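This is the structure, below, for whatever I ask next.
Going in written order, the chains are labelled A, B and C, and every chain counts its residues from 1.
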Amino acid sequence: MKFRGKMVDITCIKQFSNIVSTVARLSKICVLRITKEHVYFIIHESGAVESSPGLWAELDQGHFFNEFHVEGVSQEDNQIFLELEPDKLSKTLNSFKTAQPAPRSLKVKLTRKHSPCLTLEVELPSLSVHARTVVHDVPVTLIPRRQWHVYQEPEMPQFDSSVYLPPLRQIKHVVDRMKTLSQHITFSANRRGTLIISVSTDVVDVSTHFKNLSVPVWGDDNDTGGTHSATVDIKKLGLLLQGSQINPTKVICNIVANRMVHMFLLHDDVTLQYFLPAATNT
Amino acid sequence: MKCTIPGSNIKVFGRAIHSLARIGEELYVEPYPTGVYFRAVNSSRSAFASFHFGSRFFAHYNDGSGGQQSAAGEEAVKCKVSMKACLNVFKSLVTLVRSVERSKLFLDGEEAKLGIQFICKYGIVKSYNLPFIECETLHAAYDKTSCTNYIKSQAQVLSKAVINFQSNQEEVTLCVSSNKIVIRTFVDDVPDPGKAIHTELTLEAGEFDSYNIPDDCEVTFCLKELRAILAFAEPINLSVASYFTEPGNPIIFAVDNHPMFESTFVLATMAPKSNTQASRNKATDKHTSKPGNGQRSSASPSCSQAASWMKTPMPSTSGLKQANSSTVRRSEQITNISNRFDESRARLSSPHNSSTRGNHNPQLGNGSARHLSTQPVTHTNNVNASQLEISLPNLDVVNKVTEEEDVIPGTPPSKRAKFFFRRCFESTFDPTTVPGHDRILASDSDDDS
Amino acid sequence: MSQLSHHDDNNEDYPLVIKTENANTVLQLLRAINFSEMATVIGSPEGLRVVVEEGKCIQASAFLQSQMFQEYHSQDDVVTFKINLNVLVECLNIFGGSSLPGVAPSLKMCYGGYGSPLSLVLEEASVLTDCNIRTQEADDTLEFNFCNTSVVNKIVMRSECLRDIFSEFDYNCCGVPVLEILTSPDPPYFRLSTISNMSTSDTDIPKDSDMIETFSCTKTMRQRYKLALLRPSIKPLTIAQKVLLRTDERGILCLQFMVKMEDNHICFVEFFCCPEEEEEIE
């Protein structure tokens, strides 16, 4: 098995780094799936709603990497599945965010040092003729083929309501304040562009109303006209929103009544799907 | 001592305090006629930091020794104070720069306090009194000039390099060769070495202002302490020079801004693994324990020695709890004041203790404190040498540890004992590993009592 | 979940109805006294007084005069209730501070009388947030009986000076640090001393300092206070322009902060602190 990729565009490197930070915030362990066309970050939560993963991030390899070469397990199964701690990966990428001159390039390779590793080779500008190089070895675990089925692409859930969210920044402020008031947050929406985010406890009820939002067109006739809600864990939602550095072009929020909130963050070259199961005890 | 720091120099001074605070919990203040030293050492005695501010740094400076008029033996008051208390005074550099016009520092031997005064804008005056913890000094034995390897670079180069390492990375290995340096994470006996991130950074020789590496070499030291000196040097755009010879010998980082100020950090480096057993097994002169006492090749030979010295059975894990293996190996390298404490008290309270023999470490001095303090140092003609005049502790101030506390069988050693006799828990000190050990500064005196 | 509330038609029925174009002014004042979880609100035709106490030895009050609001309806009787100030502050801050300068959410506050919740409606950029905060029966607040006639010493000074001094104290040092305030017609005139296990410090401000506007001291007063009790005064010192420091015969310290709001309206925050028992110290 081989994998080798090289990024030279600083915007892509930063974007990649932001995605890894988001994944790191949400889970201690994640799966990195590498195919010819895409790179996926998958957080699979056992016991999650309808066996959907917690997070499914799909990156268009061609946008990020200048050079990309993968040799999977076999010709037919040209994929690699790795399990790693995203926090470790994030920490090595974090050094770009600090005030040092931008790296000239970032190479990512699958290597075998004392154990299988994802090796990052960074070329940094320097005072001398040669570039300064930093090499980080992040330990990974290879996932055998018999477990791959666990990490397949999730199906779009049968949702009851769907709406385009307002700018994530706005939602984030509201959710951050509500986080101090309650452990759970309720999303309510209809198919007419109204979204209500609320918390309710013994001490206080707070609800924020967004109107006239755009509605995604799904081509199905599932429009009952009603408002549907699901109540989810507010901390997890807060963690996802913390990475508003992602700045998606659009975010779709789908609600499966009383079961799940599904967020679909769309960028040009990256899509993130986050599945929030309804909290069991509201 | 009495001195005045002009407003323009307060930021640098404050940064020096911040830097020292990253090393030790106590600040040693040692004025001399030409300037004043501020020093610190870490609890495991593996890092020593010293800042010297020359008299030119100050608007006004008087070390308090009375100069030529002083009677023989009189010298400026020296002390140590709480680092935390001092750091609190210089806590907010931004506020200091904004509001302080000048600062006065003075040592009051009679009242045993360090006074710091800020004369601020709008007529406001802030005064701080920090009581002395002890009247003592701190020395480390090292000699830059005897180091074979030397590199010098802008602090920026090094600080931009170390940023690539995790903030919690304990130790790094510096591998030098004729054309480049590789800084690598050192992963010792962490719980799961396979799970740690390994990082390696390469710096070409061309990035350095001076690069003098006659032989390839690898030294491992604590990164946190290097960061402390870089934090001081980088904002003022100074160069940092590194001096080192081989693993097991200290690495010295120096920032030189003569005659205003200069700074030296001496960090212990890890002894090469193959040599450690050899140095432990050597039945060399032990100033704190009986020689030739059945050296067990167990994991804690130091404890067996300590046990014999203290004449009490000691739980075998007690010593190891204090220091991890790398620190144990490294702490041997820096001779310092607690060493002398142990030794003097050892003589006072344990008649069974062996007297040191001929080629014992000269820096350790001997029992008759007062006698030596008047002897000037004449050990080298090299201007850069670090050895200073020996001045021994004021024994009156030292806390006496009563033997009774430790005689009860089976009792773990008392906390104070652990502090003062810390070196008993470490592996054998081999005086020959200390650079300059063959230079005898003061001969052994016979009288022990 | 609360429904959208439109109270406009029944203002007169409510004991207390307040409207303002800028919720941030209320937020800023209440945040400054939020050192304890619960607050007592006293509403009268003159305005609102919000009181926070701790340990029966310190008390802070923020005065929101009726003039600072666009609309202020209050029935003749004084209404008083206890409320969770942490929650109230979070609600007022629901939109997370303005994205643009000069843009602030509007606020409407209603209180329906004994037993009803405090209801808030905040609106910014056509997003509406509705809050209902439970209220409780008010406890009696401390009455310091600080009347002007018994005032011994009085100093008016620029608050940033005192703020800098108070911020620099080491609140975390071991033991129970004490602050001694000396005010005197004789030198050193005005001295703030901290006494702790590790060190002592004195800050001397001469009476003719530029930072002091008025200095009126009739006799030498030396009083000690637990340093920790004065820490809550840092927040109001930060938002205020001037502070009036007074001590009376009993040694009680009264700080009155003059705060100039965004719309140039002046508001006051008052702070009382009881002295430490006299001890024989050298």
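Rule of thumb we're sticking to: contacts are C-beta pairs under 8 Å (C-beta built on N, C-alpha and C of every residue); 3 or more make two chains touch, one makes a residue touch a chain.
Chain-to-protein mapping (UniProt): A = Checkpoint protein; B = Cell cycle checkpoint control protein RAD9A; C = Cell cycle checkpoint protein RAD1-like.
None of these values were measured; they are calculated from a predicted model.
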Q: Work through the pairs of chains, note which ones touch, and then classify the graph as line, ring, star, complete or other.
A: complete
(Q) Need the most distant chain from chain A (Checkpoint protein), centre defined as the mean of C-alpha atoms. (A) B
(Q) With centres defined from CA atoms, tell me which chain sits nearest the overall protein centre. (A) B
(Q) Can you work out the whole-Å distance between the CA centroids of chain A (Checkpoint protein) and chain C? (A) 44
Q: With chain centres taken as the means of their Cα atoms, state the distance from chain B to chain C in Å.
A: 49
**Q.** Shared-contact residues (touching 2 or more other chains) in chain A (Checkpoint protein)
**A.** none
Q.
Give the list of chain C residues in touch with chain A (Checkpoint protein) in this complex.
A. 1-2, 4, 84, 86-87, 90-91, 93-97, 99, 126-134
Q. What residues of chain B sit close enough to touch chain C in their complex?
A. 82, 84-85, 88-89, 91-92, 95, 99, 122-131
Q: Could you pull out which chain A (Checkpoint protein) residues touch chain C in their complex?
A: 166, 169-170, 172-174, 176-178, 180-181, 186, 188, 196, 198, 200, 202-212
Q. What residues of chain B sit close enough to touch chain A (Checkpoint protein) in their complex?
A. 157, 160-161, 163-164, 166, 193-207
Q: Enumerate the contact residues on chain A (Checkpoint protein) facing chain B in the complex.
A: 85, 88, 91-92, 95, 98, 100, 113-115, 117, 122, 124, 126-130, 132-139
